[in-house]
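Contents: one structure, followed by commentary.
For clarity, chains are labelled A, B, C and D in written order, and residue numbers in each chain start from 1.
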């Protein structure tokens, strides 16, 4: 039983980690709280659903398209909304993403209706049982996607020129500008990547989740807490924060009490933020 | 009688000792200059005195009271006004409102505080900027505003952190004249300053801080002719050009 | 076409978005309402549904009926919509598929304006609240759950099912909490041991820990009360964990919704649920309405959708019987007992007599249905059973 | 001389109050439609909560995303006061407000040390905890909520009115009181110190501002006002449960309303509340077949306002181009820009 809970905890952890990394990227670079990250995931789920509906492709096959579409969607959102909000006061930056979340959720209700949807027959399904632990293949897709995406993100941020430019901008915008980094493009690419990460997550989640337009909001608070656990704007920290969240979620739920498990998560978060404001790994 | 006594003030950030065993007094009514090369730990000392951050060890006695463990606002309430090296004006409030915030320390009615603020603004020559937002001021005006805001709290001592930096000749003379007038109105002044000409002409006593320790203290003449000070400042064989 | 007498018969408050309440969708309920409007307002000689033979309601000079729609995604919205529809649309009655929470706020408006309401929110707090204008045609939680445990006794006696322990999983909302409370009390009354009582969070990001606890408890029967997405999430997690209890009982909600079989297909087999009605009840009215609905929507009609519209017909019949659209007259007719020709009643109830005190229809009965080959079949009571119950349920691997 | 000079300098503000109150008082006379009056009541209640939130979010610049908890405490105290003890809301309202202040004091101690995003996210975590506690606390009705629909007692005692107009005027009176309190706070030493904290907390502290205590007092006052708003809302809806009172979106909507109207201003929250509530209600009423449309319009409008009118809708009235009624009064410092 313990191993099963541990495995399930890690699986949930990967979803929170994907969400948290997207938020951490945007928060670290532009100091914007992206309330709409959950909604980006939801939009990715629906894109996958419509691709599957139209062409019958399996979510895995559709994933590259979904990631690219979400990347472009992120850039579109940046240029139309976020760039302008960055000029305004800090408070409106936070509300912009909340309002955007509301628009995406209700827009999807108008578009696709409120009924629960799911991608019917999937390529990979069923369960492998290793001793007492039942490994669900659908969830494995999620775990693998998350690890691959994290690897790609780290490679991008540390190895590529644009990645270093984004990291430089997040440390000090003016200094980065001085040394010839076009901070505007750095912001745009960062926001695009954060949407693409949510895209990958959303697409993988269609494997094991039924979804409807307001599924994004349920994940939002966990993404934020995971980011804060990991520390301000540190992407690696967000990944680990997400993992910790998943494990706390499962262990308190199974061993303590289901109804109070979300409270345990919030209380742990409050303790960390009060006594270690910069989070575990943050600057 | 010494208004402010610094006793073996030491401040360490991790292993690095920014200030080490600094001791000196500031007589009531006097002007004391604090000089020393860049990175000698002068601003760190200021921040410890004004209680912006805590001392690692040592004591600060102000007006007879041990304020080592006080919070910044408590030190200010006891009559210690201060300005910052990089001006920290209240950006989206007007000049008058900035000074009023200082005045509110002693006058709880906004009406009286505003009257006091107008007086201090007049005293510091900022009257025509009263209605302007602080964010719209230039560096000199912002530094002047910080002095006015501190002054509005009717402090016993005023800690000035490089108020002359970045000023041209005319602005500098005005600033010197303002400091003299403030001192004459009964306010003791402790100021960090780089511009030697200003320190020499204004201060009664000068304290020299080098790499966190107090090298020496004395009258302006003694300090400028002291070989070690010249050496520390200019480093190596140059002689002290006036 | 112009209404003779502006009889805006009743308002169907349709659930929108997957908030509380059954997972019904606006489109389905609207289609049903359109069918009823057509039958009552126009002459249909071949139809066996009420008021088919004449145009409009004879008792009100042939007045036409019209269903008007409102939104009830939250209790606050339900209250504003009720006030809007009563004062501006001038409706004479309210029906529709409500959660108990939205029913309570709608009753605030209904009691104020004296507008009779017939809905199927099953929580006991509705009938205990002492509302004057509230009516419920079919049973509340008490009868449904009593019926469930009576069925367990029936199985123990006739099928040597040897059921002793029960595990309750319910949503931590007004809907789930009420059911869990009544389930626990009834289990004690019938002598069944509740080994696990899990209240899960409605907006849960995962239900894995709940399923693991249920699997560990391994009760003979798992009773669940969840809405749309959660019931599907649970079924999938059961499959992932390779756990399926000998008997899985869903208390309507998500388990009754058309989404359930649509998304799960054959994975929904063996699940039992209490129900108000099922499309395999053999009477002419049922066959006709099921056919008309599947012609219009291409989906089999389910109990929740039918009762939402049918309550409107009962209100119309009451107004017709009272010969007036005044709220008190309609409520009085409801209390005396609305005469509906049994031949035209798809539910096949003996009568529609809404008690003065709590508005509960004395003749409301409940049935138990089971998913067989992803279609619902009535299995209890024997009178209307159309198939033999499949018990114990096969594990996922044996299917 | 003192009072006269204060009133003299407040001439502009007093004129604004009179004009706004006259308009709002006359509206029900124009159209008696019950749904219209209910929307008015909701707008006033949301305005009260906006004014409350504005004290901590607008004046002191500490943006709390968790004010729904005070809204819920006020509502629950009002509900159970009436249901269990038959106490009139006129009394339980103040008990609720006191409880809110206590809760704000306790919660404020660890939270107010945080700044910016950390403070916002912590308040969200706290309101989640409160929601979970309310959902599982059977004494107060837990997830089944509590309905306290009283028919016997007189409406003036229970504030549950047959027709909403008297209730509207009572709420309007409360809103007027809180507008005045808000103005007094804004123009007092407390208000100036709060604005100093908002502008630059460290520099304010070196000017003698005890920021921790001022932030805590601002948080407590805002909690009390929002608590009263919650009590009025409870009597309006007469059935409350954690699912409808405490979702995260509720706390965010309070913030949205104040920012839409104009944060840090006196009339911003009122303007934001009325416009937002009317849009929300009527968009749903007119297009009810398209579910989700009302919140869609709501979101789009918020985006437009946040992007193109950062100072909020009020800035249309208060800038110099529009002389009109809301003329900026020059003498006593500006109405907060």
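Just so it is clear, a contact is a pair of C-beta atoms (placed from the backbone, for glycine too) under 8 Å apart; a residue touches a chain by one contact, two chains touch by 3 or more.
Given the structure is predicted, the values throughout are model-derived calculations rather than measurements.
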| item | value |
| --- | --- |
| Pair of chains whose C-beta contact count is the highest in the structure | A-D |
| Closest chain to global C-alpha mean, per-chain Cα centroids | D |
| Longest centre-to-centre distance from chain D, chain (CA-based) | B |
| Chain A-chain C separation of Cα centroids, rounded to whole Å | 38 |
| Gap in Å, rounded to a whole number, between the CA centres of chain B and chain A | 49 |
| Centre-to-centre distance between chain D and chain B (centres being mean Cα positions), rounded to whole Å | 43 |
| Residues of chain D engaged with two or more neighbouring chains | 132, 135-136, 291-292 |
| Per-residue multi-chain contacts in chain C, two or more chains | 16-17, 172, 199, 201 |
| Sites on chain A at which at least two other chains make contact | 109, 114, 213, 217, 259, 262 |
| Contact pairs between chains, per stated definition | A-C, A-D, B-D, C-D |
| Chain C-touching residues of chain D, taken from the complex the two chains share | 33-35, 38-39, 42, 132, 135-136, 142-145, 147, 149, 151, 162, 237-239, 241, 243-244, 281, 284-285, 288-289, 291-292 |
| Residues of chain C defined as touching chain D within the complex | 16-17, 20, 26, 69-71, 73-77, 79-81, 83-84, 86-88, 101, 104-105, 107-108, 111-112, 123, 125, 129, 172-174, 176-178, 181, 199, 201-202 |
| Parts of chain D lying in touch with chain B, wherever the complex brings them together | 2, 5-6, 187-189, 192-193, 195-196, 199-200, 202-211, 333-334, 337 |
| Residues on chain A engaged by chain C in the complex (per definition of touch) | 1, 4-5, 8, 11-12, 15, 109, 113-118, 127, 129, 134, 136, 138-139, 208-215, 217-219, 222, 249-250, 253-254, 258-259, 261-262 |
| Chain D residues within the chain A interface of the complex | 57, 63, 110-111, 113-114, 116-118, 120-122, 124-126, 128-129, 132-133, 135-136, 248-249, 252, 255-256, 259, 263, 290-296, 298-300, 302-303, 306-307, 310 |
